[in-house]
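Multiple structures are listed underneath, in structure tokens.
Next come two complexes built around chain A: one with chain B, the other with chain C.
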Partner chain A sequence: MFSKKFLAVSALAVLLVVIAACGGPPPTPQTITVVETVEVKVIETVEVVKEVEGETVTVIETVEVEKIVEVEKIVEVEVDSGNPDEDRVVLDTHIGSEPPTLDPSLATDTTSSFFIDQIFMGLTTFDDEANVVPALATDWEVSEDGLVWTFNMRDDVQWVHRDPSNGEISTVRPVTADDVKFGIMRTLNPDTASDYAYILYIMAGAEEYNTADPASDEFADFEAAVGVEVIDETTISITVKEPAAYFPSIVGQATTYAQPSEIIDLYGDNWTEAGNIVTNGPYTLRDWLHSAEIYIEKNPEWIMADDVQIEVFGGPIIQEASTAMAMYENNELDTMADPGWGPPLPDMDRIKADAQMSEELLIAPRLCTYYYGFVNTKPPFDDPVVRKAFAAAMDRQSLIEFVTKGDQVPAHSFAPPGIYGNVAADFSIGGFMVEASYDDQLAQAQEWIAEAGYPNGEGLDVVLMHNTSEAHAQIAQAVQAMWQEAFPDANIDIENQEWAVYLKTMQPDTDDSEKPNIYRLGWCADYPDANNWLNEVFNSKSSSNYARFNSPEYDALVEEAASVADPETRAELYRQAEQILIQDETAIAPIYYYTYVRLYKPWVSIVINPVGGDPVWQWTLDADAKASARGE
Partner chain B sequence: MAATGTTSKAIAIPQRKERTPLGDAIEQLLKNRLAVASGLFIVLLILMASFANFFNAYAIQGFETTPHDPYAIQVLRDNNARPGSTSSSTKLEGFVYWLGADNLGRDLWTRTLYGARVSMAVAIVAATVSLIIGLVYGLVAGYFGGRIDDAMMRVVDFMYGLPILIVVILMQVFFKAWDRQEDTGVIFGFLLDMNQAMGGVLFVFIAMGALNWLGMARIARGQTLSIKQKEFVEAARSIGVSTPRIIFRQILPNVLGPCIVFETLQIPGYILTEAFLSFIGLGVDAPTPSWGIMINEAYQGLRSHPHALIPPAIALTVTVLAFNFLGDGLRDAFDPRLRE
Partner chain C sequence: MLAYIIRRILWSIPVLLLLTLTVFLMMRSLPGGPFDFVGDKSLPKSVVENLERRHHLDWPLAWQFSSYVLGDGITGGICTGLSFLPGCELVQAGARIGVSEGLIFGDLGMALKLRGRTVNELVAESLPISFQLGMVSMAIALIIGVPLGIMSALRQNSWVDYSSSFIAVLGLSIPNMVLGPLLIWIFPLTLGLFAIAGWGARPPFFLGFIPNIFDWEFWKHAILPAITLGTAFSATIARLTRASLLQIIREDYIRTARAKGLREQIVVVRHALKNSLIPVITVLGPLIVAVVTGTFVVEQIFGIPGMGKHFVTSIGNRDYTVITSVTLIYSVLLVTGNLMVDIVYGWLDPRIRYS
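Up next, the complex of A and B:
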């Protein structure tokens, strides 16, 4: 009874989504009935009274006159099905959850970032080998002391606006250096409350401005002291606090994107709504029906618009991966990938066994690490030996092989391979988490837990928390069972919270009593440098330091690494930092390095950047193959 | 003469069995085969759930599981094993997954059986809590009548306006957050320990019982209003029997029947509510199985592994139906108009 009800509800949801998704799939003319007012000539008979002058005789004559009257008439007319995408190249995808924002200064999650990267562009970007390449900037140079970066910008990038009433995309004005400065300053402005403002702290005066009190008298001075200077319309120079070799990748971050000041002033928080927003990327926002659907449309005025083949990209917001999977298999969606769900875990075996779908499956390395963090200040995990024992008692290989099934790589360091300064090849760091034989690892874990004073886990009462998601729940249960196997007398509970609540619970300044002992998180590269990992996450001052890991020695290492230019010295400093974070202190237990696990229909050919994500403008779609697969 | 007369009387009286309302009802109930079968099924389910330690697949097939709970035994390698397949683990060599395994390689028979514990516990605890509160409340309101009755029943009317499911969800969210506080005091600490031992659903039971007695209170009050007019109550009062004694010894036995019937018909609602809360992640804590959680886990993989959905879905459906049939049977049995 219960299950039926739910099936019915989800079937209904699928139906609704399908109805919402199809903008009228077969482009056949439709006949509709309308009531029309038409003018008709009628002949009426009227009596005219004629008076003949001079005579007293009145003659009544009957004459016929022509008259035009208006009549309502029911007619059938053929109309266009109203599908604006007819004859256009459309990639039908789905969106996993409503993006919280499309504001480059505020985005922190992958769905928001995905769309922001399609509709805006930064000074720099990453190519498919994670190298920094020019985008809005044409070239850049750095002063001899490594402190002043000067970027020369293109002058042919336009802000465009799409008029929702007629769908026309028109240029507004060129993108200038002032827009870039405005974007950076807006991110740093404490009133904007950007969670990722700290990425820009490398800029001179940025941290002081971002943490200043807007009500204070010196606020304007702090603002003026930020080292961003507009030289002319297409040249901007940025002063940094210390030489940072990775700086060109910072100005590829969404937090530094050029933003249109006049639109933000005009619309305030609503400037990112469709119809209000002006954009400068390969696409522009067409529709954003909140919690329902998002579509972006090719920007015909973009600098490389001739190379952009896919003209419309988007789809409905679907909360359930299994629903999206059913639609994908029914050829209603072209992708099971960002910004939506990847293939659901329970279907992985079937996908791999299926001749067609195994061809469509894409598995590629991704610069992300999935880890369980320990709240280092909360007993019993204030003891590094306990942390080590828990980190060791995880059979990562089995977890990947039988639960996540995406050919992920067992992790034993925080920064994954592909990040500058990673130590993934050095098994002297965290090697105890990825021994060849899990039995050895297990024995070691049991030895440690006894050494810490909890033989067989006796006396341990810990809570493992994850954000609500079926995939995280599966991993958590599998890991919990492994821990229970290793420490039979321990009491390990699993809890979950919705993402927004979860993030609030995990904030470093939340009281420890409200926190779990162990939390789950993934970290993905914003730019491929260990600074983005070791410094920006686990520096004791970082707002992402959910583990509340606090080691002055570690802080000194990562801060020094941020300030030196020599690549080899930096790599060595990051190696020492990982040594402390993972091997000595085991502040977190890395689990695996992510892979992209996605499904793309054979008529879609894609380009993926390990860092930059998905440059949809470089993708192509064979519209004929898609239409024939759909039976159109 | 006298002897003959006595004999004829003696024949007439013992021929008729002594009849009580309860005896009649039981007799009537036993004639209803569906209700009897449902009752037997429920008794069997309660027994198997209570003794799940002996009836789980590991125990029956002779595998040692201590110190772990059988429902938490996972062999990742056997994820999504088909019904009837054999375990690949060396520790569980020869173990047969009768109903298959879920996506973490846990035996579905065992998990469904332990899931029955949660459902049965919800049924019994929530029903008992609501029966006791509702009965006492309704008896008192009905017996005293007047202003007391008015005031008490307005409270019930007010509480009827609360969206019960939402209140239960809020309470559950609150208690789960509270659970993490370290300093909780003796009584609450004890409750929290109990809650943990029950897989985190104690508060679901309490919340549901505490909010579902309203209908019961109305029924008990209505019955009391009619019974308190009866002569035997008058008689008791006139010879000076104390008020509590009248309520609980004279009136209670006479209102109990309809109330039990009403409560039996409420039980499927409790079971479904628990399943629903677990389905949306607010019920029992993993890895404790509940039918709602199992259905949630299985339906995600419905297209690839439909076998995992069948055991919990059937168990839930049959149990809910059984309680409904039993409740219907009881209602008919206690209804004098339906008697031949």
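Up next, the complex of A and C:
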């Protein structure tokens, strides 16, 4: 009896060991299996049916034919299993979320855009002061009527491919104007269903093509009518439907990036996987183990490759900021700097108090504004005086100091500093929201609310709504307390809804009875021009106009500003627009301009572009200091 | 027995189909859709229309369901044959864009938010990792839970019993989101043991699921999250084992076994424990299934690329295909788990027969 059981158990144990051993990695040196297409000579026997002329007899003849056939062959390739990064400059970071895509036509979020900007190049890009500067394009000119933009391109930018079997990066072919046209057309193709296609609607025929029914007969005509024309290999001209002075910043958007048509045709949706993708930026994709980690590697063939010091960049995808923070403090990460995720809020006080970490903290302006909008059509907020009172009764400085803690800047305009046409320096607009003394501001607010017929807030029933999130809830509670203090007799309620429901509630066409009086939202720049702010958000025709702000005068101003070419005139028009939006009508109450809050180890030195994001290729890392800090 | 198993499997098919339909309809009855927003922004109508057409969301619901279950091929075929049916013009216009081969052919459709990725890919890369974490956690739960339960039952009302109840209550009541960071602080940060986050095993896996268990990298990453998950389950298992063993040990046949002079060990292990495990096994089936399909909080804290996050984020994202498909996978495993439990019953208690 003993032996039987023992046998069974030991057999099971042996089986487990075998299973485990099979599951193990192959012994060093590692071999990996690669499917290779090779040409093979084949001798084939073909039966030929010959009909002899004039006769009814059919003769069958056998002929041997020699031909070359492509056959897929599985080859085992040896890979050096030693650490490939041993002698390289590696920057270890964490990534705050799995990028939904690395396809320039489809990216919408900060993580995807971050990586796309490292591995691809646009015609233009932005410098650290948010100016448009040449990238793939060397220079550009616009026709006299302001409608045709011609971009001259570099001829020395190469598409590169990284071979995963040996890690070699090799050039494929030069980037041409055709690739740029292909990228734009692919973004606009309704079948691609690009979220940000609408940013390109300024191009002639773009909107018509993007909204055409692909099954219709006229579809090809719409495609042909899009105003993008390849002049020669390195020249492309783009016709716009009306003069748009901000157009050079549009062609710095990922949706216009050059794309490799042959690779996209070959791999379809999977063309952005490591091993398939070809890229043209300072880096190329090395590994993308979905939801687990991403690494990019220096592109040695890039135009300014000699200036690129960091050779490998990447790390694990970790959504929990406090976990990433632990890794950072343990010297496993060099940065705590995911575009969307800074250090966790509860750690901010500790970081600021710590002598070492406060040195590592970097706070930089970011082109986003956090604001509370008023539903302008819903009483009592259909009265601008009520709106002004509520906008004034917010102590923005205290809110930043005690709640958001990221050294944000109190806001008194919609477009933040750094956006072309912003009025953040002009305190005649919205100055009543950011007085030096909050007591003055408060007194003014109380005066306004009495003027509107609600002394001490008596008779006011206000609902403030935010989308469900701990951070928004904290801000809402602080603001509620400020309002309650200013208007003691008002009844102020906070409600929250889950994000998708919230947006449905806030849609301009939802009935006002379902809406709150006040909602929270943020807006971040797609390109650094006030058109992206004042026109695309609060034009009465915009689908983002949740405030239901409707001023024909305002619409006329922002529409005119979009079409005139003279920079001075445009700036003045945007100033007048902000004057109406914030000072006269107070359709919204801006709260603060965002900042990037990040931590960098002392051995990393960085450059941040407020619009272009993070040009990692301009960063440097002191590898010796890093190694000694890690005790290596 | 075999007939019973086959009957159970056949019965589960309509159940699963009904469940798919329910999840499908419930998700679509939520306000808002997957393409109403990107980040903090809402999208123009024209762009939303393109996106909806791309994913067949412009079709009438019945046709969308048909496309999900039967695939675009069969759905298009039905419409060609019965073109008078309502909505068929849309189906025929959209058939040009393939979205799904159909559930019945094993295609779970395309994810809506992770652009260009199929749900099959998402499941294939995340389920094995959740499975590995779940199995290690269950092993820990059993190794701690069963002996703890036995000891407290055998020494009822002694200090062993009290201290094991204390441990069990503690294990149950410390939430994962506290225990996880606490373990990170104690082990990797203070003692320099184990990894803070990430997962040590990477594909390809043996049989698609089993990692190399002789690789320290695997354990370095797996131990802390597995302990975090396992302690709560071990407490449940300990309490159940104790309660059921206490009851069994008073039965007549245990007295008989003792009376005929069997060693206490044999009495306990062979006669009492085996019978007292039935309630434990009953909860264990669904518990294992729940834990191998991913646990959001632990995956989040330890940065593990498992399947748990798809259950949570896809609802907020209104990612219809992902939530329907992961729920379906969970249900298939649950049905299988319950079937296994029923089979094990027969082995634990020979009086249980299936015919």
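Quick note on the criterion: the second predicted complex is superposed on the first by the 397 of 632 C-alpha atoms of A that agree within 3 Å, B and C clash if a C-alpha of one lies under 4 Å from a C-alpha of the other, contacts with A are read in each partner's own complex, and residues count from 1 in each chain.
The working rule: contacts are C-beta pairs under 8 Å (C-beta built on N, C-alpha and C of every residue); 3 or more make two chains touch, one makes a residue touch a chain.
Worth saying up front: this structure is predicted, and the values here are computed from it rather than measured.
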Tell me the contact category for A:350 with respect to chain B and chain C: first, second, both or neither.
first
Should A:544 be classified as contacting the first partner (chain B), the second (chain C), both, or neither?
second
For A:500, decide between first (touching chain B), second (touching chain C), both and neither.
second
Between chain B and chain C, whom does A:326 touch in the aligned arrangement: first, second, both, or neither?
both
The chain contacting more residues of chain A, comparing chain B with chain C, is C
Where on chain A do chain B and chain C both make contact?
320, 322, 326, 329
Over in the complex, which chain A residues touch chain B? Could you list them?
1-3, 6-7, 10, 320-322, 325-326, 329, 344-347, 349-350, 395, 398-399, 401-403, 463, 468, 470, 473-474, 476-478, 480-481, 484-485, 488-489, 491, 493-496, 513-516
Per the touch rule above, chain B residues touching chain A in the complex are 67-68, 72-74, 76-77, 79-80, 103-105, 176-177, 180-183, 196, 200, 272, 275-276, 279, 281, 285-287, 292, 295, 297, 299-305, 309, 313, 316-317, 320-321
With touch defined as at the start, can you tell me which chain C residues reach chain A in the complex?
30-33, 35-47, 49-51, 53-55, 93, 96-97, 113-117, 121-122, 125-126, 181, 184-185, 188-189, 196-199, 202, 205-207, 210-215, 300-303, 305, 309, 316-318
Please name which positions on chain A make contact with chain C in the complex.
19-25, 94, 98, 100-101, 103, 106, 108-110, 190-198, 207, 210-211, 213-215, 268-270, 272, 289-293, 316-320, 322-324, 326-327, 329-330, 332, 498-501, 503-505, 507, 521-524, 543-544
